[in-house]
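Here is the structure we will look at, set down as structure tokens.
Letters A, B, C and D name the chains as they come in the text, with residue numbers starting at 1 for each one.
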Amino acid sequence: MNPIDLIGVWVGVFITLMVLSFLYKENPFFRLTEYVFIGLAAGYAFAASLRLFIDQALNPIFVNGNLTFIVPVILGSLFYAQFTKKYSSLYRLPLSLAIGYGLGVTIWSVFATFFVKQVIATMIPLFTGDALTTFDNVVLVAGTILSLSYFILHREQKGVWGGFTKIGKYFILATLGAVFGSTVLGRMAIIIQRVQFLVGDPAFPWRALGMGTATEGAYAPIGVVAFLAVFGYYLYRERNKTPKAEPASKATKA
Amino acid sequence: MSQAILLVIVLVAIYWVAKIAVKRKLKTRSIPGLERIDEWIKEAAKLNRSVFFTPGTGGITTPDTLAALALLGYVAKHCVEHNARLLVANSDPQVQQLTEDMVKSAYAKAGREKEYSTDMVRYVSTRQFAYAAGVMGILRREKPAVNFFVGDFQAEALQIAETGRGEAIYQFGGTTNTDQLPFFMTTCDQTLIGEELYTAQGYLSSDPEAVSRLIGPDAGKILAILLILAGALLITFGNSILIALMEL
Amino acid sequence: MAASSLRSDPRLVYLILLLVVTVPVLTHAVISVPITPTTRALYDFIQNLPPNSLVVESFDYATSVVPELHPQAIVVTQHIFLRPLKVLFVAQDPNGPPLADAVLDTINKGNKSYGVDYANLGYIPNTATLIGMPSNIAQFLPLDTRGNPTASLPIIKEFPAAKDAALVITFDDDGSALYSYLQYWQGSFNIAVAVGATATVAPGFMPFYSSGQLVGILISIRGAAEYESLLNQQYNCCLGISGASSAMVALSASHLLIVAMVVFGNAAYFISRRTSKREK
Amino acid sequence: MSSDKKKMTRGELGLQVIIFSLGFFYAIVYYVAVPGTVNLQAVSDQLLAYLTAVLTAAFAIGVINLTRVHVNNIKRKRATWRYSVILIICLFAMAIFSMIASPFALDPRATVIPAGVIAFSTPIWEFLYYKILVNINSTIFSLLAFFIASAAYRAFKARSLESTILLVAGLLVILGQAPVVDLVWPGFGAIRDWILAFPNTAGQRGILIGAALGILVFSVRRLFRYPWGD
């Protein structure tokens, strides 16, 4: 039993419930977790990008002695000109390098991966020996062509052409239905793992999430009870503070 | 190598069609349900209930947000005409400034600047769930007749769509984010799906240059359709010359 | 009465969902999960990799989707360590390296040792580094997460360039990392690509599976549970290492609740519409 | 909102030349396999190394912007200024501990930073990361499970043929996904796999090809004229 991990479990439980408290109504507990998260995430990202600057830009100069890397470092420092009044437009110089490189790489790869490969992959036989594959192939080819036709913007969707685009829209709707169904799977997975955590279920991957082991995890429910007491007290104080006339849930002001 | 040639062919075709579109001042196809917007705004004025519009969490450089603001210009103009009360809620500070100017100029054009009040265009929050909670609060209090939520949306779209469905009579949505489109489709009376959102920009824009940029890519789409048809037919008869050519 | 109270205050629905999920979790019930074709395709691909092949595991997800993708990372990593394979850990999300370390801390590593059989090379900051790796790993990722010079690691001496990799599998929550591997690693160097995807974006990756660009797709926590049962069938081990299998009963219950909600919601809607028509 | 064709200033022209030349080079370097002449691949790799160095130099931009916004909130005593104080504390605490004891530690082999300090900071960083950061973010999206449940009852109506198609496809995928349903009839799983493999793939491809052309035109136009101003 590691005391730090035990405290970690209770802190984790408190945080999880502070976020879930938004379901009851927006409250200071929820807002606190949002601000703590933005701060921690930004601090961590800063350390990550600083380390990369040292590896990719400073080490070549100071470790490998390759002085040509001084030029990119100077160019890179111009990014910070945006915070000065007079030289603020200088940051556009290093930015243009990033933009130019980004555009070039995008043009080449987006066309190859999203256009060419997808067009080639839809060139499949419309008639094969086996009836089922034939049906599947026709659905794939016709579906791709018709849903693409729906996004043709210069022609009004009327008459025969309107018929094609309407069927195309039905394929897009089936796609959106699949996305809707899949989204349910994704969101339920998240709440299930949170419940596994809150009830201290040994099946929860404690070690793989740096939360100690199942032995400390078993004490999670105590944290749940503690939080409910604290939150209940907050609601009690909140209810007395606001005059009786206003309904409790009015607090969701912008 | 062949893919480079095909890229050049597609780009030339798009440029050529765009040039024609500018010369002939072509328009993109009408937005499904555009005329319904006019009826809804008239009904909102009759029932003395407001018209609510929110463009999502995108910034002024986000394509979806720009398309949404084009639609806001149209809605604002009609709200002034039928003197329905317009209410706009924003998440991005720069979009807030932009929408304030747009609504103010809509009233100015009709010579009724006095009627514009600052609480028509409100800044909620840049934080995703605070923005959603704020918009839900406004929807519950104002009970608008029409709820427009068009533009750049993430996971918060579902909350706005659900609350809007409960409070508003009509709901008009639009985004290119496929992950959120299902929640728009099942809760809105009219939804602009993916690139259709940009037809709003094209259809409402007076600048033929902007419209041609939307019509140009149609050439690429038609080319893709023809290639797929040709390739599929050829391979049906066992000939994979086109596939081999494109994979060079 | 129940229908109207559900309509007015959503918090009742929230409570129902919480109960429908909590009860199965408390029962610790486990059920067998049918295998989706895209999961089996990935399992078979890794199972049939020739000995001593190099696999690159790319942790490209933020902490917000840990519940969906972390179980996948655990079972796939365990499978790779059960086979005579070498593996490099990289990440296109700053949260990747610590999450990879946590997975390595959990699985049974057998007699494999750091630096020889596996290494964590940390964060890929931008596309430039990603494009450079297939030709020279050490030049673009000079240090591993423990501060050792990458070039000095035996696994890098054996595989100096990523183009020698037999497979790159990315655990990706929005597609950006997957598309970068498809475009730059597979496009130019024909390295096989697979993806562990969150459920929301998985349908968007199906066109790449059907075109053969992807050798397999794991779909959210269910994909992890399927993979875990395949591992158990083959190696008679690892059931429960990821927490995915024990979530399947709760998953089923929550799904049936959603179906019921849509059906009853629409029934109530049509009844109220028909009665209001009759009153007009 | 029409973009009037104002002339590029001399500075913008210079930047556009950089953007176009780098863009054109990287658009063709992987298409054009020109044997014999200068080894394009080596040039591209060396250029990549320099570009990476330039890009990583912008490591502090995000933190500077965030700090300025929240220090402003504190100075102006805005309604949420106390939360901004907490945000700044979390930001700098995590930055310092991450620089000492995270996988991105600046000196993991304790050449400069004393080993004792690293040993002391590691458990603190692990607590901040695994026990606080991971837990907050793992819970935020669980809220959506509840919103979907309430929307499923209150808002997802088969109002028109279009929303009916979407809802039926969605429900079939949901049924196919629920493991226990397969015990009743394995056909549901097969239907779900079919919907994902064929109609969904076709619809996604239509959206994908359309989006690819949009991005292509968007990028090529910027090669010739990057809209700095508007």
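As a convention for this text, a residue touches a chain if its C-beta (ideal position, glycine included) is under 8 Å from a C-beta of that chain, and two chains touch if they have at least 3 such contacts.
On a predicted model such as this, the values are computed, not experimentally measured, just so you know.
Farthest chain from chain C (centres taken as the mean of C-alpha atoms): B.
Per-pair counts of C-beta contacts peak for the chains A-D.
Averaged C-alpha coordinates put the centre of chain B at 22 Å from the centre of chain D.
Inter-chain centre distance (chain C to chain D, centres taken as mean C-alpha positions): 17 Å.
Chain centres here are Cα means. That of chain A falls 7 Å from that of chain D.
Of all residues in chain B, those touching 2 or more other chains are 3, 7, 10, 129, 162, 166, 178-179, 182-183, 185-186, 194-195, 198, 220-221, 224, listed in ascending order. Multi-chain contact residues of chain C (touching two or more other chains) are listed as 7, 10, 14, 17-18, 65-67, 94, 98, 102, 123, 125, 128-129, 131, 187, 200, 202-204, 207, 210, 222, 251, 254-255, 258. Residue positions 22-23, 31, 44-45, 48-49, 51-52, 56, 101, 105, 107, 110-112, 115, 118-122, 140-141, 144-145, 148, 150-151, 169, 172-173, 175-180, 182-185, 188, 190-191, 193-194, 209-210 of chain A each touch two or more of the other chains.
Touching chain D in their complex are the following residues of chain C: 6-7, 10, 13-14, 16-18, 31-34, 36-37, 62-67, 94, 97-98, 101-102, 120, 122-123, 125-126, 128-129, 131-132, 135-136, 139-140, 145-148, 187-188, 202-204, 206-207, 210, 222, 225, 248-249, 251-259, 261-262, 264-266, 269. Taken in their complex, chain B has these residues touching chain C: 162, 166, 178-179.
Those residues of chain A that touch chain B in the shared complex are 22, 26, 30-31, 34, 107, 111-112, 115-116, 119-120, 122-127, 137, 141, 144-145, 148-157, 169, 172-173, 175-177, 179-180, 183, 252-254. Residues 30, 41, 45, 48-49, 51-52, 55-56, 102-105, 107-109, 129-130, 133-134, 136-138, 140-142, 145-146, 148-150, 152-158, 167, 171, 174-175, 177-183, 186, 189, 193, 196-197, 200-201, 204-205, 208 of chain D touch chain C in their complex. Contact residues on chain C toward chain B in their complex (touch as defined above): 7, 10, 200-201, 204.
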